[in-house]
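Below are two complexes that have chain A in common, paired first with chain B and then with chain C.
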Partner chain A sequence: MIRAAVVFLAAVCALPAGAQDAKKEIERYQRMVSEGSPVELFEIGGEELWKKPAGPRNVSLEKCDLGLGPGVLKGAYARLPRYFADTDRVMDLETRLVHCMTTLQGRSLQDATRRVFGNEDRPSELEYLSAYIAAQSRGVKMAPGTRHPKEQAALELGRALFFHRAGPWDFSCASCHGEPDRRIRMQELPVLYEPRYARAVVATWPAYRVSNSQLKTMQWRLNDCYRQMRMPEPTFGSEATVALNLFLAATGQGEPYRGPGTKR
Partner chain B sequence: MAAGPMKMRASVNGGVTDIRVLMTHPMETGQRKDQDGKLVPMHFIQNVTVKLNGKTVVESQISQGVSRNPVFSFRVKGGARGDKVEVSWVDNQGESNRTETAIA
Partner chain C sequence: MSRLLLLLALAAPIAFADSEIQVEQVLKRDFHPRGQAGMDRIPQDGLQRVCTEARDRPPQALARTLEADQQKTLVIPEGSLMGDWKRGERLAQSGQGMTWNDKPGNAGGSCYNCHELSPKELSFGTIGPSLRGFGRKRGSGADAQRYVYSKIYNAKAFSACSQMPRFGTSGTLTAEQIKDLVALLLDPSSPVNQ
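On to the complex of A and B.
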């Protein structure tokens, strides 16, 4: 009888234990990786760029208004994406930075968006700046704009895009990020329309990716998701990408920001 | 070109000083090929020196590129709060950089 019970217990425990071990090992690996993260180097580089005069007007970005007033960085990232009255549209961090480069520094849109995604040898200025600015929101609760009618419209558009299946594989974001306990290799796939999963994600982007030796922005993340879905490349800073970004940020709101994070 | 920013933290605990230093460096192994298929030449940090109040406490040689933007950590006996820690490196192409901080 006792033996039977032991065998039964062992059988019950065997399967979940394996999955648990794998999860624990992945967590251990992620912890080790984040302890040696070079993300701070990007923060330092971003601060230099923020304060460096550039463009035809030869001014720095220090007067850039990220939503809390010109030059206010503390907590600004945690409030993005949000509606900006001066442009009458919802903008995320990168979109707003490009706006500041064109308005403050007098650079052309073409010049400001020439290299929106960098590579490991030469990161993009938006990647440096994103790391620096996001870091100034550490500890601040994520609270993107969700009240203005345009913010609500963007939120609805983002939600619709998240579930919209299209492309040669008939994929939507929800195809990968719609079910719990799924992963691709070492990477867990969070269910991004559920707050308890989304919170950890929005609190750690932008992030340094160890496998690429690069800091990656949220615009890059969305762009690459569309590439993986075999969809046409979305336009940088477009209404669609900002809406999707707002949908994710709003789903994960309330979480204290603890990035820029480190990903596998 | 290689000499980007460095970031260091040093803290003393139970008579042992923990030093963690982050360095900007491509750390090329010499095995990687660029977009044109040509080998990227070896380029790595070769010597790292740690000084505590001006006295050399660690002198290390590295034989190859270990990781882009590496983190090194050292544990050194002695040291007190406010002591000056200085870390410098020289790479195989002669470039160098240094940083210093006070032990917290």
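On to the complex of A and C.
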């Protein structure tokens, strides 16, 4: 089904029609794929992983505290990233999950971060878990942590990173996400420092990405942006990545969560 | 009055400079080299720093100074700059090169990512202006060739905080490749000019 959809998209792009017609076709295609999206399968897989005993201590993640108390999932994703007193740092969903894997399950950091991004044949456990946990915030307004001094510092760092131009091609995030009504090829680009554009984005990640046949996390999204910016690789879960993630989430706050979404 | 404005404009980047240095330290700490994308890509050059601090809108006097500075980086071959538009079209289509999972070399120009060029290609980006029919408007003489070659080699020599990469200065494209892109834009038989 998904492969057929990709072939369909390729056919659409090759049509000798005007750009407006192409845009309509792509919107039709987007509706079609979201109706057949396998997001639910990832949610089910994530629930299994959440409840499955693992690691040297052979315990599940069910006691993991995502900010609203041990094991509380309802609405937890909508409050992330946020400051955690037990680690004295701001964490996003993926970094917090890794924290729970090391502290609750007794896994080494190396083991817990061995496969932070999966592939089509073998998704990462973080991708399954993100889908499951984010889904428990559906309908809850996005409200990441912005009051604690460390949250405010992260927000400022995230904003500075967003506009920071560097690398051989001189790109910042704003090079692509800085002005309205811009595209790369046929892909429309949201202006991510403006709430009216950021809200829809924040409310739909993590997301199933048809072009990769994979469920992708925000950490992956940021990682792949920096790859295309021709920069070195951001380290998974680093302060910089969480700060940028918080800046985006805070810019898009207030939108009811309606993910995990489906992207091109 | 205008003197005061100029002074303020020149002082503004200095006030921001500390935060940019902090960001760079964070990048050095939180990023790691991968493939050809080494940590030597982290430090900003002067142009990147000023553009970051000015949010890509530097005061005019400063912009002119930066552009004059970038003009000095231009290396323009002698003779005709018109290559082969067919090879240019392939380069314009390719969005590859310079990322951590690309092999060094073999970079494309990523032109269609941001520009409309040949009317046959409907999947084009809009971050840059449409270049359809560019040669019909500009002609294909020596001056036009020189301008297009220079613009691709270092876009910042013409617009200080342009979002377009400096394809020559950064070592992304070779002189031969840039000539092929000049032909794609200017050659009367190129699809761009049909």
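We take it that the second predicted complex is superposed on the first by the 238 of 264 C-alpha atoms of A that agree within 3 Å, B and C clash if a C-alpha of one lies under 4 Å from a C-alpha of the other, contacts with A are read in each partner's own complex, and residues count from 1 in each chain.
Throughout what follows, contacts are C-beta pairs under 8 Å (C-beta built on N, C-alpha and C of every residue); 3 or more make two chains touch, one makes a residue touch a chain.
These figures come from a predicted structure and were not determined experimentally.
After superposition onto chain A, the modelled positions of chain B and chain C are compatible, with room for both.
Judged by the touch definition given at the top, the superposed model places A:Pro38 against chain B, while chain C stays out of reach. Between chain B and chain C, the partner in contact with more residues of chain A is C.
Contacts of A:Ser213 after superposition on the shared chain: chain B is touched, whereas chain C is not.
By the touch criterion defined above, A:Met186 lies against chain C but remains apart from chain B after alignment on the C-alpha atoms of chain A. Taking every C-alpha atom of chain B against every C-alpha atom of chain C, the smallest gap after superposition is 14 Å. Across the superposed pair, chain B and chain C touch chain A at no common residue. By the touch criterion stated above, chain A contacts chain B in their complex at residues 35-36, 38, 40-41, 44-45, 120-121, 213. Per the touch definition, chain B reaches chain A in the complex via residues 4-5, 7, 22, 24, 26, 68-71. Taken in their complex, chain C has these residues touching chain A: 19-20, 22-24, 26-27, 29-34, 37-39, 41-44, 47-48, 51-52, 55-56, 98-101, 112-114, 122-127, 156, 163, 165-166, 170-172. Those residues of chain A whose C-beta lies close enough to touch chain C in the complex are 13, 15-17, 19, 22, 157, 160-161, 163-172, 174-176, 178-179, 181-187, 189, 226-228, 230-235, 238-241.
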